[in-house]
Amino acid sequence: MRRFVLIAIPYLWLLALFLVPFAIVLKISLSDAAIARPPYFPQFDWAAGIRAFISELDFENYIFLTQDDLYWKAYLSSVKIALISTALTLLVGYPIAYGMARAPQEWRATLMMLVILPFWTSFLIRVYAWMGILSNEGYLNQFLMWTGLISEPLTILNTQTAVYIGIVYTYLPFMILPIYSALDRLDGSLIEAAEDLGCSRAQAFWLVTIPLSRPGIIAGCFLVMIPVIGEFVIPSLLGGSGTLMIGKVLWEEFFSNRDWPVASAVAIVLLLILVIPIVLFQRNQQKQAEAEQ
Amino acid sequence: MGALLNSTVFAPWDDPQAKPLIQFQNVTKRFGGFTAIDNLSIDIFEREFFALLGPSGCGKTTMMRMLAGFEKPTEGHILLAGQDIDPIPPNKRAVNMMFQSYALFPHLSVWDNIAFGLKRDKMPKRDIEERVDEMLRLTRLEKFASRKPHQISGGQRQRVALARSLAKAPKLLLLDEPLGALDKKLRQDTQFELMDIQEKTGTTFVIVTHDQEEAMTVASRVAVMDHGRIIQADTPARIYETPNSVYVADFIGDVNIIEGRATPKGDDSYSIDWAEGQTPLQATSSAAIEKGQKCHLAIRPEKVTITAERPADAANAVQGKVHDIAYLGNLSTYHVELPNGTIIKAQTANTRRISRRSFSWEDPVWLSWTATAGVLLAN
Amino acid sequence: MNRLSWFNAVSLTLGFAFLYIPMIILIIFSFNESKLVTVWAGFSTKWYGELIHNEAFLDAAWVTVRVAVFSSTLATILGTMAAYVLVRGGRFFGRTLFSGMIYAPLVMPEVITGLSLLLLFIGIGLDRGIFTIVLAHTTFSMCYVSVVVSSRLITFDRSLEEAALDLGCSPAQAFRLVTLPIIAPAVISGWLLAFTLSLDDLVIASFTSGPSATTLPIKIFSAVRLGVSPEINALSTLMIAVVTIGVITASLVTKRAAVRQKQEEQAAARAT
C-alpha cells in the first residue's frame, strides 16, 4: 500500500502535467484552424464515441506548414545553426577541457568551479552581456577601432554571427564538462606507452587521446545540439529579424499571430526532428554506462 | 547437575531430547531459474557457534538472508524456537545480523550506531545508556564512543558492527563474513575475541565464511555447503578426520586422494587395488563397501611418513622419488612421485635446522601410513 | 605533468577569458555614471539606487523568489520520490513510461513544454498566475532533481537499509533515519539546481504566467529587447554576485569536508 502511494504520486503528477498537456498539443495540432478562440473543433463527445472524434481530425495544419516556406526554412536553418554551432563549441571547448585535464592536480578543482560558475548564472544575463559587446557602438567595435584594425564599425549584433557567438558562449560548459571527465579518467601512461612505441606527440594525441575521449565528445555534442535546435532566447536577443529559428517562430506564432493550432503543429514537427538526436544520445549514454560496468 | 553439565561436552546435536533453536524444514529457494537452496533441512541448537562454509555461490549467504528475513523460502519452512518465522518481517524478528560491509551508519557516532536498535524498541533512556556502555565495554570501544565510523580503524569498525548487532540481545546473531575485511594477523586475534564474546553472552551465532581455517577455529559445528545443499554438518574435528565425501575432504585442508577398487577383508578392513603391479593398500571403513566397488582413499599429508628405508612394520608403504619440496618454515611438504605418476604429499615438522634436512630433489624415498590413517570413501 | 605546456596555458587563458570577460565588462559598466552604457563617464552607484526604488523590478523579484522556493521544494520532494521509485521500486506497471516521463522533459525544448502546459491550463480553466508557474516549474525541475538523487541512490550501499530493518526499523523509519540523512547532500544539490532553474527560466514562465504575475526574467527580457540599460547591468551584477558567493561557499565547504574526512580516515588507519 505504502509502495503504491510512493509510486502513484510522482507518476500521476507527470501524467497530469507532462503527458496530458502533450496529448492536448497533439490534439489541437490536428484540429481545425481558428485564431486564439478555444474550443477547437472537433471536441470530444462521449456520445459520438472515439471513432467519430478521430475521423474529424485532420492534417490541415501540417499541410499548411508545408505550403508556407517560412516553416521549413526555419526548421532547416535551426538544424544548420545547431550543427555549425555544435562544431564551433567543440573546437573551442576541447582545448579548454584538454588544458584542464593536463593542469596540475591542485588547480583542477578551481578550474572546474570556474567552468561550472557560469552554468549557475542566469542564462538570460549571459546572453544579454553580449548585446553590449557586439552592438555597433559596442565594446568590441570600440576596441577594434581603437587598435586601428577597422575604421568603420562592424555590424555583428542582429546577425547569425552574433547567434553563433551567443550559443558557443552559453553552451560551452556543457561541452567542456563531459570531455573533461573523459580526459581526466584517461591513464597518462597510455600516452607514454604510445610514445614509447614510436608515436610522435601529435600521433599519440590523434591515435590515443582522441579515440578515448570520444564518449565525452559525443555526449558534449548532443548536450549542445539538442537544446540549440529549440533555442529561443539567443536568436531573439542576438539574431535580429534576419535569423530564422524554429523556437522563435513557434513563440511568434503563439504570442503574435495567436494561431494555436499551427503553433501546436510546429511543436509536434520540432519534436519529430529532435527524436533522432535524442535516441542517438540515449544510445551513446547507455553504451558508456555498460562499458563502465 | 551443574557439575555434570560442565563435565559433559557441549553437543546438543547428539542428544535426541534437545530442542533445536532453528529448524530448516525442506527449504528450497529459487531466484528465477536458479536454485540457491535445494531442499535443505538442518537443526541448529541454542548456544551453538554454527559455521556455514562453502565457495561463493553455494547458497550460504542466501541461508543467512532467509534467517534475517530479507529473503523468503520458495518452499519449506524455517522455525525459530518452534515458531514459523516466514511471515515475520526482518524488523520484527529477534534475529540480528552483522553485515559483511559492517553497514555502519556513516552519519551517526559509534555510540548512536550501537543505540540505534535499542531506540527502535522504545527502551527507557537510562536503560539504553546502560546497555550501550555495556556493549562498549564488551568490545573495548569505550574511548571511541563519540567518533564517527570513518574516524576509526577497520578492526574497530568490525567491533562496532558486532556491538550494534549484539545490543538488542538477539536470540540469534548472524555474521556474514565478519572478518573478511581484516588483514590476516588481525583476523586471527579477532577470531578468539569472537569466541570469547559468544561464550560470555551465550548467544547463538551463525557465521558465514569461505575461509575454512576460520570456520574450524571458531565453530562448534561446521556445515560444508555446495550447490545449495549441506554436504556434511559436524564438529570441526570430525569434518577433518572423517569427511563423508571427496568434496568435503578436498575442501577442508590438504588431502591426497588415491582412487582404487576395494576388496572387503572382514572387520571393517579392506584392501584396495590402486595400480597395476603395486601391493594393495590397507584401509578401514565403517561404511560397507562391496567387492570391486570403485572407491577413494583420502589421506592427510601429515599422516604420511617419509623415510629413506622401507619401514618394517607399516601397513602401507610405497616407493617414489621426491618431485618437489615446499618449505613453509615450521613445516615442509614433500611432493613424491610414485612409479605410476601419482603425486602424494607428505608433510613433516621441521624440528631440525634446514641444513640437516634429510631429503633432496630426485631422492628415492618410502612413504608409509597406518591402516587407520586414511578415510575410505565409496563413490 | 607538473607544468603546463605553453599550448595548454594559452588555451586555458583564452578559454577562461572568453567565459569571464563579458561578465566582467557587464559588472564594470554597472558602475558607470552615464546613461549611455558603452561610454565610460566615471564611477557611480546610482543605478543600484534606482534599482532599489523600481517597484516593478522589486515586485517581479519577489514573485520569482516565491515561485522558486515553492517549486524547488515541491520538485525536491517529488523528484526524490521518483528517484526512489526508479532505483528501488522494482517492477511495476508502466515503469518504462514512468522513466520516459522523467527523462523526456530534460531534452524537451522549453517552448514546447511551455506551450503544452499553457494549453492544459486553458483547457481546464485554471487562471494563470503564480500557482500555474509553480506547477510548471515543479514539473520540469523534479526531473532534474530525480536524475541527481537517483545517481546518488544507485551507489548507495543497500546493506545500510537492511541493517536498519534488521535493527527494528519499519521501511519508512529506515528511509527517514538512514537513507535520507546519507543522501541529503544529493537532495540539497537537487534543490539548489531546481531553485536556480526556476530563477532563470524565461520561456516556460512566459507561457504559464498571467498578467497578475510577472517574474524577473520576463521583466528583464522585455527591458532588454529595447537595448542595453545600466539598470539591467546593475541587476545582473547583483545576481552574478549572489551566484558567485553561493557557488564558492558551497565548493569551499564541500572541499573542506572532503579534506577533513580524508585526514581523519588516514589518522584512524595509522592508529591501528
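Labels for the chains are A, B and C, by order of writing; each one numbers its residues from 1.
Here, a contact is a pair of C-beta atoms (placed from the backbone, for glycine too) under 8 Å apart; a residue touches a chain by one contact, two chains touch by 3 or more.
Small disclaimer: the values here were computed from a predicted structure and weren't measured.
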Category of the chain touch graph - line, ring, star, complete, other: line
Most widely separated chain from chain B, with each centre as the mean of CA atoms: A
Comparison of A-C and B-C by number of C-beta pairs in contact, larger one: A-C
Chain occupying the middle, per Cα centroid: C
Where chain A and chain B are represented by their mean Cα positions, the distance between them in whole Å: 61
Whole-Å separation of chain centres (CA-atom averages), chain A against chain C: 18
Rounded Å distance between chain B and chain C, as computed from the means of their C-alpha atoms: 55
Residues within chain C bordering two or more other chains: none
Sites on chain B at which at least two other chains make contact: none
Set of chain A residues in contact with two or more other chains: none
Touching residues (chain side chain C, partner chain A) in the complex: 1-5, 7-9, 11-12, 15-16, 18-20, 22-23, 25-26, 29, 37-38, 78-79, 81-82, 84-85, 89, 92, 94, 98, 101-102, 104-105, 107-112, 115-117, 119-120, 122-123, 135-136, 138-139, 142, 146, 171-172, 196, 199-200, 202-203, 207, 217, 220-221, 224-225, 227-228, 232-233, 236, 239-240, 243-244, 246-248, 251, 255
Chain C - residues contacting chain B, complex: 157, 159-160, 162-170, 173, 177-178, 181-182, 261, 264-265, 267-269, 271-272
Chain C-touching residues of chain A, taken from the complex the two chains share: 2-3, 6-7, 9-11, 13-15, 17-22, 24-25, 28, 38, 92-93, 95-96, 98-100, 102-104, 109, 111, 113-118, 120-126, 128-133, 135, 137-139, 142, 169, 172, 188, 226-227, 229-233, 236-237, 247, 250-251, 254, 260, 263-264, 267, 270-271, 274, 278, 281
Sites on chain B touched by chain C in the complex: 68-70, 89-92, 95-97, 99-101, 103, 105-107, 116-117, 120-121, 148, 150-156, 164-165, 168, 186
